[in-house]
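Given below, in the form of structure tokens, are the structures.
Each of the two complexes below includes chain A, the first together with chain B, the second together with chain C.
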Partner chain A sequence: MTNQTVVIGGGHNGLVCATYLAKAGHKVLLLEARDQLGGPASTTEFAEGFKSSVAHVLHSLNNKVATDLQLGQAGLERGEAVNTIALSADGNHLTLAKNVVSGNGLSESDLATYANFKSDFQAYAKALEPLTMNKPPRLKDMDTQDKFTLGKLGFKLRFGLGKDNMREFLRVGGINIYDVLKDSFESEALMGAIAFDAVMGHHMGPRTPNTVLSYLNHVRGEIYGDQSIPKGGMGQVVNALESAAKKAGVTIRTNAKVAKIKVENSQVTGVQLEGGEQIAATTVVSNADAKQTFINLVGGRQLDAMFSHRVKSVRAKGNVAKLHFAVKGLPKFTGLDENQLCQRLIVCPSLRYAEHAFNAAKYGEFSKNPILEITIPSLKDASMAPDGHHVVSISASFAPYQLKQGWQQGGDDFIATVLSVLEQYAPGISEQIVAKEMLSPVDIEQQYGTSGGHWHHGEIALDQLFMMRPVYGAAQYDTPVDGLFLCGATAHPGGGITGIPGHNAAKRILSMGGR
Partner chain B sequence: MVNTQRNYDAIVIGAGHNGLTNAAFLAKAGLDVLVLEKNPEIGGATISRELHEGWKYSNCSYVCSLFRPEIYQALDLGRHGLEVVPLQGSTTFMQNGDYFGSYHQGPINRREIRRHSKRDADAAVRFNADLMKWCRLIRGFLLRTPPDPASFKMRDAMEFAHLLKQFYKLSESQIYEFIRFFTMSIAEYLEMYFESDVILAHYSGGSIIGTGLGVYSPGTAYVLLHHAMGDVDGNVGSWGFARGGMGSISKAIAGALQAHGGAIRRDAEVAKINVSGGKATGVTLTNGEEVNAKIVISNLDVQRTFTKIMEEKDLPEDVVTKAKNFKIRGSSGKLNIALDGMPSFPALPKGSPLTLGHMHFTDTLERLERAYDDWKDDMWSQDPYVDIVIPTQYDPTMAPPGKHMMSVFVQYCPVEPEGGWTDEKRDAFGATVINQIADYSPDFKDLLLHAEVRTPREIELEVGLTGGNIFQGELTLDQLMFNRPFPGYAQYRGPVKGMYMCSSSTHPGGGVMGAPGANSAREILRDLGKDNTVPEDFGDD
Partner chain C sequence: MSATQHLDFTQIYHHSPFHDRIEAISQVKSWSAWNGVQTARVFDTVASEYFAARSTTSVMDLTPMEKYRITGPDANEYLNHLVTRDVSKLKPGRVSYVVWCNDEGKVIDDGTIFHLREGEYRLCAAHHQLDWLLLSAEGYDVEIEEETFDIAALSVQGPTSCSVLTAAGIDGLDSLKPFGLIHANLNGFEVCVSRTGFTGDLGYELWCDPEHALAMWDAIFDVKARGLYDVRPLGLEALAMVRVEAGFILPGDDFNPADSTVRAGHDRSPFELGLGWLVNFDKPYFTGKKALLAEKQKPTARQMVKLVVEGNKLPVDSFLFDRKNGKRVGTIKAYTWSPILKANLAFAEIDTKNGVVPQEVWAEIYYSKELEWHSTWAKCSVTDKPFWNPERKSMTPPSAF
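Right after this comes the complex of A and B.
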């Protein structure tokens, strides 16, 4: 038997983990089911000559990962900062940069509060870094690393944040963004825009407790740099990761879908591909989510019944549909110039709007007035669309995974709903559309293998975070199966194109001596 | 005007059950204590009053589930006339004409669950065992002062060590399960056990009572505990009706207080806590009278305390802001109904004991959640969750012979519907509830003699619960334990020397529990260097 490490899934975390392991001397084979790497960050052609990627803004690539893997040398240029423009139907938009907000009608108090609010959240994220960049400590039977992590975390909370900020963090950490915003701000539009980042990608409305945490998860990226669309588009992130992996000696096979993780006596022995090919391995690292990994690939029978029950209970039902519109000419948004069209545009005019949008999702319906995140990637990367044409890329929520009427039935209705909202901000855009594609959470699940089509491979909620992510018993990247590890967004600290789960998993595998 | 010469050791503002408990423990320690109550009757929300000739209503709080047995014992409340009658079971009526009944007797209960789902009958065993475990753990924290996580004091460190020790009695997986229980929504928590809609809805109800959250909001599983703790206390006396209505509880505590030499003044509304040289010196009543005391304890919720009866100039700036931002939105209404006879519920078998317990009419999680959606939009629920009890079946003294009193607790009712409350809107809210009951009890409307409808507006005006919030502050993570009422002020001491808090706005929160009043008394006695008269938990497990 060869001493081989197999990484299942060539999403960005799989690539990051594989590269770290190869650099440390592992013989690594990375298997990707699709014909290209990158998972939802990869660029695909959705209509002749028109390309897009499901993930369309880079929020939070971790600095340490970028430096360690020398992604800059591998061709990644982060590009300039992308601001968020919160659209208003009357053209009176707000522009949200990292720590500055601007827009007509904002009060002096809101302008000042925004800066403080953001820097507070950045400080919280910074204080949590010891926890973010390590395996989550266990609460009993801690090892030295766990004690060190907790000690450092306690120190950073108490002395990094200071007494008052620590208290404030412990107060707001577990509650909803609605109450925090209402205590701080006056402008409905501004509150809506901030709440957007707390609920997008989650099964939560602004009033759902845990939205402060999901917002914090979003802001975490800002301590590493501005949100951006990389030069040459999101595909550049994947390209850079791929060349870093190859340089480190990772063998990459695409069109190699793993059907089974083989286990004997609670010990991993390798994988079996669809088509029957067997590949032996002493270490298997799964970039798939917990349900895929344990229930579909390992099989419940190999596992403790309560463990399987916990895995099946992980809440990971996606709520975001991805829409790609191929348009003739550049669409016109009321009150925006061409430079502003390069930014990230969002539709979420108030807290109540977002809450109503979410209400529908609770009952298996899509929002009548969905919240939208819009980018036009062809402005940054001309190769995405033919001459004189553009791609409008939209994440739309809430579009629940379990739509009552089913996505076969409801898909066209939802496209029409999104377009009618879009028309309010970009009148006439419908007539420019020459081709379109919609990926419901069900489509995303099928194409990328993420259970429920969930952005984060599992809700960002207190009961599914830290030492309980994805479930306790598999929260330190190692699992009940010897030699099997998790390295994806399903594991701590969760989703977003951060590379952190991949980094932490590699660290864990190496510290356990490869086992 | 008048300046009473007497200088009390302590003045307690508000004769609710916590104020009285606090005063009783202080008096027991030998302090000269005066309790001031604005209403002509004591009890605050723990009160029974005659509102319709011959009928006595417990018109706010209506069941006794949480009152700490340790306090009952320490203040000898049995001798002062408190008698609690255990309550029997509960029912959820279903839209298809069936019902689900929950009985206290294990075998009958199991049979009834099996009637709806075999799998759930097994799950119920696991569920009850788990819930019992969490109750035991939490119960040990109730009569203790929360430690401050940002402090370096020896005492806080010791208290943390004590709490950790309690946790470490659990296995590692139990610790994780507890954290999950503490942070999950009740619906998702129960869905890990049960499959039947009506059983899920039945067990969820207790988690939304009094909260501005829905069954799918994270954090609601814990609220269930706030309502289940009494039940699983293993102490029969602790879950049931107080004979003579809830007012009997406040009367008994008042009896204990007076037996220890404490005094109560009714119709004495406090306008202001007097502060001089950074120290509380007493209070000024609304009639201008000043009463002096070495310390002043407020049993009003913290928002009222710091924004209504204290002056901004006497307080640190952050406390005023924190008090204004304190979350104390009401979400409940109440109907108190006088009935000409016992209403019938045809869905139940003849002679069923289930009318003796709680009755509910919401049989799915979706209906519970939609009721919450209405509240979020500042409307009262069109299909509300109600919790009905008819205490006159146990305690005939509360109504004329053969007649009955029905208490209907309603979730959700907004603090203020759009445009504000009017009497018409209040009555429309009442009619929604009455119609829902009539759907399940055909003779109900004919028997109805008098109905008192209470929205958060009425509750605030009468009892003084801000926003009509029955817990004097929401039970969310930002307002629990060391965060309750505000971070840095969770140890019952106010921001001014000689000023303390003892209301349900402080740890461990609302419910007729008595724990905030007791804990506050312990801290006061500690500061005064007096012997402690306040019990901690029994520590029986």
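Right after this comes the complex of A and C.
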């Protein structure tokens, strides 16, 4: 049998991994279920002439990945840096840049604290970098790479951060963002805005333990560069990855949904597509999440019982719905000019607001007052909407995967809820809407094949990170099935458009396969 | 008591459906809780119970043993993925002794699978297994139900057990082979009879609806009342003797079940327990297969063995050495004086030499004589066969003794 590598799924991580492998000499076939690459990062038409991508803010594409894969040459334009504007109904907004905040009558103390706070967190994220860009080390039976990673991590924590900062990091690392913010800041609006980044995409409120860690996960992007709203939506990043993959020799097939990963004697032998086509392979790399990969594609019959159980127990119930509004004319937000509308807008006016929004999700209800992340991608690229029209793209939370009344029933109510919140900041926007799309976590699961429709393919929490991500036994990209690897957000270090899981997986495959 | 009924936790002992008879027949009222059920340690004397099992017929209440009903279209494939042995060809009417392992190939428990009727199985286990059975079901269309207290069971063992049961009114035992089972009629109710047991001798286990428990007990003991054969109850202490003679190891007593092992390296694989014959690598994937295959690549570092210990001293909790005053190579796990074999017998775990089990080791035995402690050395030889293995155990029909 010739050495054939199959990558299941053409999400951005699948593309990154495939490209690295092809560059290293693997014969790579990438199979994507949808008619389009990129998963939730693809730009799609949601109403005639109106386009958007589910993932709409580029935070953290990893620079090494961009450089290694020559994504610039392949057409990647990250776009200019955007700020985050935390909306206030009275138009008295806060503008948050990476290390500077302004507006909304902030105290001198808050202004200064913000700069320090951010630089501390950026330093923590930097200290964790050795862990990010490598397979998470095992604590038992370490190999040389693991020892090296841990050594570097120890060095960076102790000497990169310095004694005091290391102590502070160890103090806050496992606790909640609410306590940390309350210790540091005065302004409710500012604390709400920071907490937003700790809870968006997670099943967590500001008081949930672990939210410092999820915030840190977000801040990691800031050490690579600026956040931006790519021209053409996130699909533009996917297009660049696709060109790079093709250039490296990856064969790409869309509309090729894998129905089964074939295993004999714990060794992968290939895949079977929906419709029955068989493709033999010596290496199979899955961009799908752990549950899809092991429970649906491999199946419990080929696995050890506790391993299947662990995979099934991964917490991966999405909490974010994506709304796309096609609007006539440019919507007016109280107190924002057109340049400000090009930024990343968020609605999360206080810690209490966010906590209350989350409370509902614990009981299978959506928030009465959801937190929102709003972009208008058509301001970056006019071709996203017909002349005189715009696209308003919103990630709205909390919108639990297991909604009590079901999303069939509750979907319209949630749209109305989001619009009523939006109206507080952009009065009259509802009248401008000519078409809309709402993707609940259930829709995202169905359309993009991610269990629970989860942003990160599994919660970012201490027990599901590092050597426990997605589960013990498959945390170093290789799995109990020989020749089968994970390369998507389900693996370390998690989701977002970063390319890191794809990069790390390729590195692992190459180091195990010797090519 | 049914499995679905809530247990009363203020009650120290729960009662089996045979309770009234057991209580009445007990002379010394020496009780233990087995799975929460009041169980006799001794009824009258250990010796008389022991010799009933070895010379006539003994009866023991098996009801507290963990029992699970496994049905559904994938029941057989499910079981085959659960246990290390190949049970894919286990026919209706047959029973198989099995162990099951965790992902790391360490033994969680042992037990028996009864193929009761086409597609209907019973799994008997030493310890509670419902959680493990349920979480092992991923990918299989099966129903798993605990039925421990929905079935009343008696173990009827000994050279005359076939004769006793026949005299009690059960037909068809003459052609029942070891590890076979039949559904029989006893005075108008149904009894499942399997030729299985824990004594290593001729013997049967009887399973019926708890509603008929007392009638089943009475039918058996009536054989004695009629003056035909001696029948005696068997307590836990005599059982502990005969099971060592029979060569049956007990999870939890002789080795640590994997699911309750905390310290790394304190759990055991089937190979380490000398149960490698129960592992089949040719069948489809089962839990622990990958780990066991990897383990097989290296020689087994230690192994559970059966020892015949010379001399008249019991090797109580002894350490074992490669020679007198030599290097320590193992420990005793269980022991008994065997009246019928006139020998001290033991299970022990010993270190192998590059995978080869040494055939001879020495036990350092501490003993007290009129409250003064002494120590002595006893030579122990390893044996592969069960210590007690009479021909009648496997004869069909078993002769009338």
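We adopt the following convention: the second predicted complex is superposed on the first by the 511 of 515 C-alpha atoms of A that agree within 3 Å, B and C clash if a C-alpha of one lies under 4 Å from a C-alpha of the other, contacts with A are read in each partner's own complex, and residues count from 1 in each chain.
Everything that follows uses one rule, which is that a residue touches a chain if its C-beta (ideal position, glycine included) is under 8 Å from a C-beta of that chain, and two chains touch if they have at least 3 such contacts.
What you see is a predicted model; the values in this text were computed from it and never measured.
S.K.: Looking at chain A, does chain C or chain B touch more of its residues?
M.R.: B
S.K.: On the A-aligned overlay, A:Ser308 touches which partner chain: chain B = first, chain C = second, or both, or neither?
M.R.: The second partner, chain C, only.
S.K.: For A:Asn359, using the defined touch cut-off, is the partner it touches chain B, chain C, both, or neither? Pick first, second, both or neither.
M.R.: first
S.K.: Looking at A:Asp183, would you say it contacts chain B, chain C, both, or neither? Reply first, second, both or neither.
M.R.: A:Asp183 sits against chain B, while chain C stays out of touch.
S.K.: Using the touch definition from the top, say if A:Gly174 reaches chain B (first), chain C (second), both or neither.
M.R.: Only chain B is touched by A:Gly174; chain C is not.
S.K.: Answer with first, second, both or neither: which of chain B and chain C does A:Pro209 touch in the superposed model?
M.R.: A:Pro209 contacts chain B only, not chain C.
S.K.: If you stack the two complexes on chain A, which partner ends up touching A:Arg138: first (chain B), second (chain C), both, or neither?
M.R.: Once the two structures are laid over each other on A, A:Arg138 reaches chain B alone.
S.K.: Determine, under the contact definition given at the top, whether A:Gly299 touches first (chain B), second (chain C), both, or neither.
M.R.: Second partner only.
S.K.: Considering each complex separately, which residues of chain A are in contact with chain B in the first and with chain C in the second?
M.R.: Of chain A, residues 309, 473 contact chain B in one complex and chain C in the other.
S.K.: Of all residues in chain A, which touch chain B in the complex?
M.R.: The contact residues of chain A facing chain B are 138-141, 158, 163, 166-168, 170-175, 179, 183, 207-210, 309, 313, 315, 352, 355, 359, 362-363, 461-463, 467-468, 472-473.
S.K.: Quick one: in the complex, what on chain B touches chain A?
M.R.: It is residues 149-150, 168, 171-173, 175-176, 179-180, 183-184, 188, 191-192, 213, 216-219, 325, 327, 366, 369-370, 373, 376-377, 476-478, 482-483, 486-488 of chain B that touch chain A.
S.K.: Could you pull out which chain A residues touch chain C in their complex?
M.R.: 263, 265-266, 295, 299-309, 312, 473, 480
S.K.: Quick check on the complex: what are the chain C residues that touch chain A?
M.R.: 77, 81-82, 102-103, 132, 135-140, 284-285, 287-291, 293
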